[in-house]
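Order as written gives the chain letters A, B, C and D; numbering starts at 1 within each chain.
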């Protein structure tokens, strides 16, 4: 956990563990181990040497990332001292470490591996939140409530339709994020991206490398074509937008004067004992607010200069880590909020009276169909 | 053209015309006309009335958008006075105008129509730029050049591989943007998004509406689930990142001390007659730099409050317009730059000498394969 | 007006006129005219020639900016064809046009002039909004109302204290913006920023140039040190944040279920006749939402490469123009909203009952002092 | 250190220690201790009780922030469990803990205290970088070099003028940051910002509180008027822009084909032994690239809803921490780069030949004056 004072509050405990320094070190070592195995599979190095490299990687993965961190300063990235440590550890098989690769290959592939692994808690939380909307939509399918446009009472909808709308958003976000995760690809190109050092086995090494790591073989080098990173970031950003919408809807519906929902475990106050703050939704929103700026950072970092970005590349690491954490945390807190959400149908009915008083037709038309459509879509 | 002093320089002439006030007014009128036709197709209004509405829309589309602009202030969006104008114009068929719809339905669908239409100049320019990389990659397939990482000479690559890498990025951007364009969908939900006013014909009206406009039937209401808008924006943002990378590569390779490329029509200077500024690339980059902030704005605007965003919704209009213009303009200027790019193979050879002098192996391995792979991929 | 369909709605009519293509052309001509006068004042050119240049500038300022826009493409900025047009217009005094200057000097100074002039409508609107809070704070100084934290009823405050808080924010924003405006400085350095062409009169020419234009003499060249631009942009961004807070407070207090305020001219709906949308506040918020992304763009553009930014510089023009418009428009719409804001003290009292019911102490302590402190601060 | 694998590389070691969880816990405890002392100074609590609270704060400050982090979830911020811990620790003096304050008072003031303390390493690094430019400007005052505009050779300047320009930017940034730091103010308002609980001693308590903490007494409550936070963030953002400009200038001048500067300790490569990467400048730039997005986040978070932001407030904590780290790290790495920068005057002279060959006048005019002006300005 990188920020022990803050991570639980912002729901970042699990996603934090998937993206912290030990997780990155593990990913870097997994990449070097897999590279050796892949080179051995095409005969570029001996199988026994590859096995020694794998063992060395397992050993170094347990070391203190702080040591590597200090040694990373001189060369400008942690792969340079990592390779040195692996060669020392591998002894006579040291020559089989990092064959043909450049630092960027290892760091880019490790960052995709970190992203892939961090998707597990993110997707789990999004799914948990989406499942909660199913329960809400089903339970309140026909509860007529005031629709509010520009925060003014407008025409009726149903709580079921509102919850179904939340769920459609979350399901879509999960679908897009799963697709983006499936697109996470290894990067392997060598120093200038020409696959020179494995020639003519480059594509074969890359294919084996990808298969072994459970990432996609991109078919191209992308050391300076950063669309993949930016697209993945954008998917996380959109996920946060979906979360922020639902979280703030909950905050709005939980207002004392509206009172249509309440969290199961509302927060108290250091000064006001009577308060029932929808704190899970509030912190979900706080996490989601981080996303637009972080997505912008990853777009800003796209234009990698010539054959390796001079700072643009390095700028991706903290931004991508931060974005994964913000998204995973926001999703986690939204799941907390939705999971125990209490719906006050009496309050809903009371608020609807104003609308009736204004002479608005309370026909809710297609609203139940919207719920049924949402529920049916989930069982397909 | 909305900014006559600036639009040609930033390549925004065509995309500007597709997104300016008359273009928006046309789109709004097209949407109202199509809505009438769609309602008639399900029997909700008479066919003759629909025809009268279509005629009224054609008439109003030719009016001065400034009038509608002034009238839009009172109600908060231009659809309210537009509907009034159409009803007046349609005479006895006025009752058939805007049936069942709310302002947001019309504005959201019109914004998707504007985006769809603006994609034409954007995609044309991206394709033109990509085609130019094909010529460059083919012509210089085997021209060995210095690869530069962190802007330092590293190991060799070829100009063909560099151009192929540019082309892969542009082709990917075009593919993603075409896919995003194909996903642009109508929005139709009525005031609270329940399809109430067309009940039980809502889904049928929406399907006809989408088919007629050449947009997708989303199958759901998305009045407050803005993923679609944000995803489209992100695709434009990634396109700009791809453009910025290539544009700045050109600027870097065109430096006097590097001298490996030059634009066909380099810009002069108000003070320095000897200068050969790669001004098309420079302005392409300037346009692309606008994108991260604009994408952030559209992510910030995602959390639409309850059943209609109170300002978050309205914030999309200028940001989406601005992003389309920035992307279309940047793509246009990049096509200008790449289209006439001159490659100085003598300079490339000269710069390579330093690398040879450093004892670097000049084997370029897989580089020609990268070009062939790129060219083959385009003919599939 | 650059976007006739949208500008009135977003309150951008006045600020749009101060930042559109004719306004930029006027500023460019004013800068060239002043440069000639300043050069004449130090004897670098003849006074009669300077007068001819001034006359030429007045003439060219009336030309169609679209012509200059088209001619700007070749050289990469509008100053190059502007200088040609001025030289032609000035006839034998043509040699006195643009003496010693480079395009960037003229464009940077013109952009500061545009910013300076656009500050007038921005500051007027902010002041009008702030004045409206004074009336509100004074009129409702002692109206006890529910304070709401995390959108939950908390402890009491007064409407006066709330309005005073809004006013403190606006007054601070106005103060900061006036200071930022006073800091807007000419840029004059010549092609590489060394003042070479006026040597040894550079500092004297710059001082006269600044005095004549009503801008600050920066004492340094800042062609590639863009802090001034970014700081000014940040001040606009913070102003938008202040506006967005107040605008959304109004939207929240105007909710049907809260009902504590209403706009004087609430907007209707194309579908719902009973609605009273606080549309001025809504569109103020929509404008303000544009700011964070635009400020980010101007920060992204800061790192001008070596002696002139290759695209980073050009990227400032649309972003700064957009930010001025967003801020001026948002301020204008907030002034509209606050200027006619109706406060429903009965609703305020009714909402307070819940708090009283929760046993909260209704002592409002220092609240009236906050109002008095605000009012006193304004008369100082 | 929160990210041991990355912090040294990005220069964040010192600023990380000033902003990590223990540093926040220390600041929170310092604020509670000072509040007690301030309340005692106006007689609101007994001096002996205040002393007991101070002792309790010292004790709790040494506890594991992870415990508080877990307990923070329920109430939505760490102050609620902190107050409980302090009351338990203070025993019979527990009643004197957190008198009159709300969580936001303590968190806002603590965040200003964290910012104030983190400014020390940030300002030290900026000053060290600026001092290095003085040495460079003085040593190379009259070294004529090619000025480059749009990355094309333009007209001459001097290395001294370039270094002086860098130094002017850094000095300005330091000046602005010192001013922003001096403006960091306590927040004290009580639950709804009315100072109710200390009435009529509120202003006196606040004045004592500020004096004791070394922060400014703002004279107003700013719980929902977040200009102060955003302005401070913007100052950090502009500082990063200044850093990014200089860092990338170094990268550009260090290109093999330009070769005018080199870092003292250039980085090697995991694949290319001959490389001399200006890695300190590269990582400085990488850090600075984080800033625009983070500044945007803090602007996005400005509109705090009514009397406390529902997530907007909470969103400030990670963003401000991240921005302080990015700025401090970037400044640290830039100081590393500039501190050992080697200037190759032979290369500078060689590159100048091209310009001479183009017939450009090599008069450098005011360039030496620019250096002298910069140096003189620093001794004032």
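Heads up, the rule we're going with is that contacts are C-beta pairs under 8 Å (C-beta built on N, C-alpha and C of every residue); 3 or more make two chains touch, one makes a residue touch a chain.
Here the structure is a predicted model, which means the values were calculated and not measured.
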Task: Name whichever of B-D and B-C has more C-beta pairs touching across its two chains.
output: B-C
- prompt: Which chain's centre, taken as the mean of its Cα atoms, is farthest from the centre of chain B?
  reply: D
- line: chain B and chain C have mean C-alpha positions lying a whole-number Å distance apart equal to 28
Task: Report, in whole Å, the distance between the mean C-alpha point of chain B and the mean C-alpha point of chain D.
output: 37
- line: Residues in chain C with touches to at least two other chains are numbered 76, 102, 148-151, 154-155, 190-191, 197, 247-248, 251-252, 269, 271-272, 277, 279, 282, 285, 288, 292-293, 295-297, 300, 310
- line: Contacts from chain B onto chain A in the complex sit at residues 76, 102, 104, 147-151, 154-158, 161-162, 165, 168-169, 172-173, 176, 190-200, 202-203, 219-221, 224-227, 230-231, 234-235, 237-238, 240-242, 244-245, 247-249, 252-253, 285, 288, 291-293, 295-297, 299-300, 302-310, 363-367, 369-370, 373-374
- request: Within their complex, state which residues of chain A touch chain D.
  value: 1-10, 20-21, 24-25, 64-66, 68-70, 72-80, 83, 98, 101-103, 106, 190-191, 197, 247-248, 251, 265, 267-272, 277, 279, 281-290, 292-297, 300-301, 310-315, 317-319, 322, 326
- line: So, in the complex, the side of chain A touching chain C is made of residues 146, 148-155, 251-252, 254-258, 269, 271-272, 274-279, 282, 292-293, 296, 300, 351, 354, 358-360
